[in-house]
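Per-chain residue numbering starts at 1, and chain names A, B and C are given in the order in which the chains are listed.
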Amino acid sequence: MNAALLPSHIIGADPAEKSFLLAVEALTVSFDGFKAVNDVSFYVDPNEIRVIIGPNGAGKTTVLDLICGRTKASAGSIKYKGQELTKLSESAIVQAGVGRKFQTPSIYDDLTVFENLEISFPRGRSVFGALTFKRDAEVRDRIEEVASMIFLKDQLLERAEFLSHGQKQWLEIGMLLIQDPELLMLDEPVAGMSVGERIKTAELLNQIIKGRSVLVIEHDMKFVEDIAHRVTVLHQGKVLSEGSMERVKNDPKVIEVYLGH
Amino acid sequence: MLGDYSLGDLSSIFVMQGFAGLILFSVYVLMALGLAIIFGQMGVINMAHGEFMILGAYMTYLCSGFFQTHLPALFPAYFFVAMAIAFLASGALGMLVEWALIRHLYKRPLDTLLATWGLSLILQQAYRSIFGAREVGVELPSWLIGSVQVTDTIEIPINGMFVMGVTTLITVGVALLMYRSRFGAQVRAVVQNRAMAGAVGIDTERVDRLTFGLGCGIAGIAGSAFTMVGSTGPTSGQLYIVDTFLIVVFGGAASLLGTIASAFSISQTQSTLEFFLSGSTAKVITLLAVVGILMLRPQGLFTLKVRR
Amino acid sequence: MIRSTSKPVVNDNPFMKPMEWVSLALLVAVIFVLLPMLLDAFRLNLVGKYLTYSFVALGLVICWGFGGILSLGQGVFFGLGGYLMAMYLKLEASSVENTKIQSTPGIPDFMDWNQITELPWFWKPFQSLPFTLIAVIVVPAFFAFVIGTAMFRRRVGGTYFAIITQAIAAILTILIVGQQGYTGGINGITDLRTLNGWDIRTDSAHAILYFVNGALLVGCILFAQAVKKSKLGRILLAMRDKEDRVRFSGYQVASFKTFAFCLAAVFAAIGGAMFTLQVGFMSPSFVGIVPSIEMVIYAAVGGRLSLFGAVWGTLLVNWAKTTFSESFPELWLFGLGALFIAVVLAFPNGLAGIYRTYVEPRLTRRVKALEPAPAVALPHAAE
């Protein structure tokens, strides 16, 4: 790894000494010549909560898409625990331990809450494995455990279609939780929630982030301040600023972008 | 098989077969153009497209008969009238079908496919009941018959050039309509964002109906051109539907240029191969090549990388 | 771990619900008891022929209903199964003894008519019955695997897949018709007589084959039910709805789609082989675009999500076809066309949907012990 690539202000971020959970370097993707993500580099430590903020169209969601393999990078590398992700398929990336929550709740409407969680249980992921998958005590207990964490214990047999918007968001978080990923990526987890749901979600997130790294996209600054260890600001596909919330808030470049126009 | 011919012979063969394929190419282009508008712009699979074409062919047949018996003096010009009527008849039927059937199914493309297949069966049976099961042919005016001798070995059929000319005109017209007119802009706006287009005051239902009607109308003109190469029967259209869909998909569904290039390469490959092999083998090889390429490059020949 | 008794009883996921057992019993009773009692040998053989189509419809329920993959080329697999079986039967019928008037005795008659003097290499293995039986399953499965892998890996689905499979059906038909010397051409492979020495043309043979066919069908239904009940069945449903989510739950979506497509192909091939045995010939008219899409309508009429519906839908449409096309041939095409439209516009869940909406509520009111079946949603076409 090339230390010269790193922004100098990253605290204790010397790649030669530390092993990162996720190292994104010189990541670039262009659609028809438009560079949605342009030479982006950042590093996430084990157990770190990193929040990505930035104005609309800054490339935040695209960065998550690139990490989880939904979009293929034009250039650059994404290393997860030393393993190059840009060459892996989406399912292999998930199996390596990266989980992703989408911006709009992405759950299976036709299935029950129980079945939604069951599909995400990390066992029997091959065709043959799925055919012979047994719903044993381990599966049931884990599902019930997660269901009570995401406040859906009493809705297990309900079809997911009939849940409220907030409940659907929780269900998707639960589906990720049951995968037990080491790196959890959340795209606007509290967007569109009522105040009550928002408080509960913050509580839920605080509970589930223990023991794993989390990459969050969020607009709600109060929420960001509450949870972020470090913040990366993206603007027009590039990293504008990075550091603690305090540092980023006082960075003149960031103030310019958010307030300058 | 190529060894038996000299280079000069071969080039003559390619040119001759190329022109022999002109009418086929024109029918393909016109069919595919209509389908590209319906499928590429609206995402609707119209399995009855061949039957809309055959409606145009029957209209041409009726016109030919009418002018022969009632207006023999104007017979040389009847083909222009026939093409206009073919366009109007197929277009009107298309708009009716859009209103009665298609508009209920915009969110279910696979179901549209089944419903329009049902429609094609009904139309086939209707043609059989009205025009009889036997194939009919049209009388061409004398100026369309014969061919022009270009060199000793190359001659070009006149009707081929005529159809080619008509096809070029229509293609240019469609391109102008879709990319230069207000209507075209509306169509593309509806395709990209139906809700937004509606919000800015575009009558999306009317645009849908006219777009579908336009696609079907062009198929009607294809039917007119078709009468010059083949006789018209109730099920003649069905033979073309798979080829046409392959052309549209092969060309990259949203690209008019791609559609034309793909119609050209497919019809020319087929007609060139037909000279050396039996018709069915030529067809199998052509279709296999197309399907094989589509398996490797499903987005077709001409598409842009777009963000999902 | 000790589970507290206050926990809700979570979805014990039985192999079949009580109503499904009733459906199975009803189907078995009709196929194995009622129809053989009521129908003469000719009509029973006709029903047997229809039932071979229901294998295709059954496969489409898995592939299209559950997986959202509409194949318009199922005739290819029905035809492959049928042709492979016919090749064996034809070779047996073309013994040197039977064909001594030919210029080359010992080869099928249509080869002789086409001036072929030696049995082609790809016909030779079909002198063996075990090889043929294995090929009937393996060849279509392999074919489907290649098509499925090529297409699904590249994320081709929905209408594109439908068009390409339809093109494949067209290609195979043209190929069979064009290569008369090797395939029997437009007439197909006809004049089939014996299976390993057993005359399949007699009424008693027809009756036995009918029951074998019925047993195979029930076997396939049970297998399909096992797939439906497994996690794989739920993944198929989930994929139809939110393909990306399944992918990001760590599944290779392409493999699951390929599996569904292969399973449908194998079912269709079994149906095709049984068709050849019961009807005594195979021809390209069961391979092409028209029969392939007609088989889709069987599944749609029965209810695209219902395994039993597939069988009833096939029987109903074919019964109507036979009745109408005998007496009012003109009306039949209008009727079939209208059926395609009606089943899409008015009854997207087919017979099974009508049953669930109108019949079942009345039944369950009387039989209190039975749980109501979950409402079945209209499948969204996977794009």
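We adopt the following convention: a residue touches a chain if its C-beta (ideal position, glycine included) is under 8 Å from a C-beta of that chain, and two chains touch if they have at least 3 such contacts.
Please read these numbers as outputs of a predicted model, since none were measured by experiment.
The chain with its CA mean position farthest from that of subunit B is A. Among the chains in view, C has its Cα centre nearest the centre of the complete protein Cα set.
Rounded to a whole number, the gap between the C-alpha centres of subunit A and subunit C is 44 angstrom.
Once the centre of each chain is set as its mean CA position, subunit B and subunit C turn out to be 34 Å apart. Between subunit A and subunit B the centroid-to-centroid distance comes to 49 Å (mean Cα coordinates, whole Å).
Residues of subunit A found to touch two or more other chains are 70. Listed in rising order, the residues of subunit B touching subunit C in the complex are 39, 43, 45, 101, 104-105, 107-115, 117-125, 128-129, 238, 242, 245-246, 249, 278, 280-281, 283-284, 287-288, 290-291, 294-296, 298. Within the complex, the subunit C residues that touch subunit B are 64, 70, 72, 147, 150-151, 154-156, 158-160, 162-164, 166-168, 170-171, 174-175, 177-178, 289-290, 293, 296-297, 300, 330, 333-334, 336-341, 343-345, 348, 378, 380-381, 383.
Residue ranges on subunit C touching subunit A, taken from their complex, read 1, 3, 7-8, 10-11, 13, 227, 230-232, 234-235, 237-238, 241-242, 244-253, 255-256, 259, 374, 377.
Residue ranges of subunit A in contact with subunit C, taken from their complex: 68, 70, 89-91, 94-95, 99-100, 102, 106-112, 114-115, 118-120, 122, 124-127, 130-133, 135, 137, 140-141, 143-144, 154, 156-157, 159, 161, 175, 179.
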